[in-house]
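First chain written, first letter: the chains are A, B, C, D and E, and each begins at residue 1.
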């Protein structure tokens, strides 16, 4: 059976599990023909899903819940990523040591296009306005790369533990010259890289069977990638059509990703879900979502996959 | 005076070459020189910071050498870009994903498709506008408005919308390219088809020529110079459109994807190489159209 | 069968226009264009409703209008940031630089032969490529957007202006020679006026380029306002009506910008055959 | 047929311009019979071109009636009754001289061999044999004008309308073409309408000279020529000729008054 | 000064074209004294325009020597010795008629009041008073040509060079302007070089008629006119005039041969 998966970002080890499952024939074993569509800076996977361009998407939970409130009935069917890899990376020379006291008056780089929600809710936790001024923080829409930090246009930028952070290091800045704040450590972590489908898909029993097989094969891929990061990185590299990735960077990314996928078989942990919803709801005057969502996830698929 | 005129033809060719090549070379040289200075100046900050972090003091020669050899320069030096281009063009099998030739080909095919669609649309609309008064009055203002829609900004969305309608691959890119390239053709062709003067039209009338005869034998031939001028603009526009269309297609192929991934990883050398490859492609396409133009106009006796 | 009403509306509006077009007065010309646009909007609304196109793919005009009304403040802020600060400033600087360069080139055939071929090459550089570089050089705010616009509009205007300065006919130049006019006088009194139709051609083309450049450059980094910023953010938030409201602002602003330049052109180059009322 | 070739009764033509209406023609009555050679002469702006254009259905009169061969001018146009030579050559620059002459023939559906024969014949006639392969801009102004005359002659229209065809030519060439035109007219019996600024030319060529005057454009005199059809160039020194020229000049002066 | 105004000795001018060199002028010898009125006449392409342009330093001879007022033509140009009327009006379309006439005056640094007075005077002279505020394209071709003549007269250059200035005008207007030009010449004693295709015009106006012939462009005859400076229009019917015209025509025919 045919299935299309829309990734959240470009081909890289962040999505190693899916590429491994495809390359190693795990999907084929389940009788599936999976097409993997890479994402990009301005691709909104939710929009692709709504438009019928994909059956399943990889998306972050804040964006998925926000879309659900907008009337697009997204449902989480599996959660391969247990922990969040998001953090804010600052130059030590900016003098920031403690988020609660030092962010005021600084310029921070943030990703937008639906990825700004975790940051916004963190700031509202801290009681900082994002409109600039001495009491708030000035927000920059961060582009694709880490230049704003290197060029000192921002005191801190958003980075992922597995990707942008290492680009900063590769650019020649020593880890001692940096200060990082993980969202996990700040108690504002939200779930990343889950698999989402439309509610209507779940009403179709044939589709549901496909999804079950898909999740099962994908998780097999993830576990394989966890254990063999080098091989996973090579598989990713083969699938990269731009030819821009380097093996060294992808291997490192695969190793970092393994830390995030560790400790889950893909079943969504309700406690993690609740923490994400609470974080998003506690947004002060401008919460990301206004009410606790209902039916935003299902365990049906993972249960049938792993029983 | 007369002696100079009767100089040997070989000598004259050489003089002509010199008169053409010398200024270009001079300006080129000046640009490269300014570029090197700029590279030293713009990369200097980083080199100084690094030296400060490492607690070393650099000699001037050291400093200059380092600014021109950074991995992630703010402005790569010309020789770095040249090396990147050479590596991308000649250093790979052309089917390799690291080959600029391969990416160039992907972009080129979508560009040509979009250019074809755009040109056809532009010409058809122009013919309609010239022959139908209602079309003249209604289409033109909206054609102008259509170009002010920031198509480049909504290209990602357009790609998604097309994907939802089942159109994927080369076509969505080509349609964005076509959107950008139909306008110059439309404007040029309307002007061109209207360029026959009153007397030429009156002659046709006095011979009682049909509309079709008027079109094929008068309007179309006299619009040729305008058509070619617009085609040159249109093909460059189509290339830009394709490249932008390739950006949101994410990590797939094409010079646009190459630009983007270079940008994503801060690989300035890769950006600049892709950029130059794109510009060279555009220049080659424009030159190709120029060559066709000369050929056609010469056959028509319009080139002197 | 559900396409029937759509086709009916189309045919009806077309018939009305064909009839109106025969009068060819200023009023009917305006009406014809208006009806054409209105028809497209109605058809759009009908398609969206009849085929139940999801809002996240294509919102209906009425939804866009509602979003426009609800977000006037945001739209205005974005307009000022992107169009007034980014596009206009860049366009003015780029145009002035191009005109000055064109005059320099006009004086020196050496420059003309050296700069123009290279200029054509540079003009072919896709802006999307330079935008991230310029954002890196000029920072996140409107200055980098203006820089992108400067680069984008410079060469089209330069090429037109150079052609314009050379557009005097030989007789007009010979006349100046018989009067032994110095360069300054022949520039001011002959070349500049003769170049105006060409200059305006370049200025008109670049109005839309300037808008596009300023908006696209915001994709590569921006403060948290601006039309490009809003469009990409709103797409991420699935707020498609807001995206289209921004597009509407861009289209209206662009058309106005174009219209104003065309109007000034009419005033300045009233003498050019293309601006004179057609005889016969 | 009993119809006169051109019959104008009370023809008026008013242009609506931004500065108000312009009476290009007013109350024009004129009858031209088959085989007439009619010259129109008068100061600039008196409506000569406008009248010729109205006859060829390139303008529509706003008053009076105008008939050509008993039909409306437009019907006559559709019947391809006209060969028209404009004041400027109006050659199509992307066609060679032969191609230009061929164009109306193609439009009217002449066969290929017939076209070639006609082109050769008219090129000979205007002294351009051997130049058929050249493009217009490779010829001097005078040669271009002759080519445009050749083009109008090639398809043997009944009525030849010529708007100052010889204005750009020097005297010698002009004399030669005048003779050739007279020759052609005598041989073919075409009806010719001819606009000129030159009094001797009008007198030398015409069977009927129409003198016009501007503001509003109208006919002030119609002079029938007593000269015989055979006119050597030397006829211009005869007293009859000089008297006729004098009469035309008088007519012109009347209408000139204020200008 | 003892210098002749224009002195050409063995002047040749060859254009290098794609089809090979074209001898536009060859071995031209001519001396023009102060106050002469010289007409150049000859078939199309014989080099009349080229010679006038060489005198005005708009072309450089490739052989021989050419002096104007004892200087090189270029030095004379810089000294603003020339008023030049081209074959076509060549008005600047973005300036009104008055603005066009004012332009050379501005360039030469005339004061404002002086400019206004001169503009009014020359507009009167060419019968265009009241049209100063119009733009060129609002006038008929003839009026434009007169405006361009007015422009050349406004700054009182020593030497007036006119290239078929009256070609586009009808006979009556032409007669009137011929008279006015003669009047001006007698009054100011300017030296005038005048190209025309019309034999009577050349004879009527000139003190010296230069007949030229093409391929290569050269002078075939120089005819000094015995006519007195005072020339009513009727002089054209005198036997002297007719004889002179005949001589010019003979000269022209000689050079025409094959064309």
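Here is the rule we go by: contacts are C-beta pairs under 8 Å (C-beta built on N, C-alpha and C of every residue); 3 or more make two chains touch, one makes a residue touch a chain.
Here's who's who by UniProt: B, C = ABC transporter permease; D, E = ABC transporter ATP-binding protein.
Please read all numbers here as calculations on a predicted model, not as lab measurements.
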| item | value |
| --- | --- |
| Neighbouring chains shared between chain A and chain B (ABC transporter permease), ordered by label | C |
| Chain pair with the greatest number of C-beta contact pairs | B-C |
| Furthest chain, CA centroid comparison against chain E | A |
| Cα-centroid distance, chain A relative to chain D, in whole angstrom | 85 |
| Centre-to-centre distance between chain C (ABC transporter permease) and chain A (centres being mean Cα positions), rounded to whole Å | 39 |
| Chain B (ABC transporter permease) and chain D, separation of their C-alpha mean positions in angstrom | 52 |
| Chain centre separation (chain B (ABC transporter permease), chain C (ABC transporter permease); CA means) in Å | 18 |
| Contacts with 2+ other chains: residues of chain C (ABC transporter permease) | 57, 132, 136, 219-220, 232, 235 |
| Where chain D touches two or more other chains at once, by residue number | none |
| For chain B (ABC transporter permease), residues contacting two or more additional chains | 74, 156-157, 160-161, 164, 247, 263 |
| Chain C (ABC transporter permease)-touching residues of chain E, taken from the complex the two chains share | 53, 56-58, 77-80, 82-84, 86, 88, 90, 92-95, 103-104, 106-108, 135, 137, 155 |
| For the chain B (ABC transporter permease) and chain D complex, residues of the former touching the latter | 197, 199-200, 202-210, 213, 217-218, 221-222, 224, 300-302, 304 |
| Residue ranges of chain C (ABC transporter permease) in contact with chain B (ABC transporter permease) within the complex | 14, 17-18, 20-22, 24, 28-29, 32-33, 35-37, 40, 57-58, 110-115, 117-118, 120-130, 132-133, 136-137, 207-208, 211-212, 215-216, 219-220, 227-228, 231-232, 235, 240, 243, 247, 250-251, 253-255, 257-258, 279-280 |
| Complex contact set, residues of chain C (ABC transporter permease) against chain E | 169, 171-172, 174-182, 185, 189-190, 193-194, 196, 269, 271-273, 276 |
| Touching residues on chain B (ABC transporter permease), where the partner in the complex is chain C (ABC transporter permease) | 19-20, 22-28, 31, 42, 74-75, 133-134, 136-142, 144-145, 147-154, 156-157, 160-161, 164, 198, 236, 239-240, 243-244, 247, 256, 259, 263, 268, 271, 274-275, 278-280, 282-283, 286 |
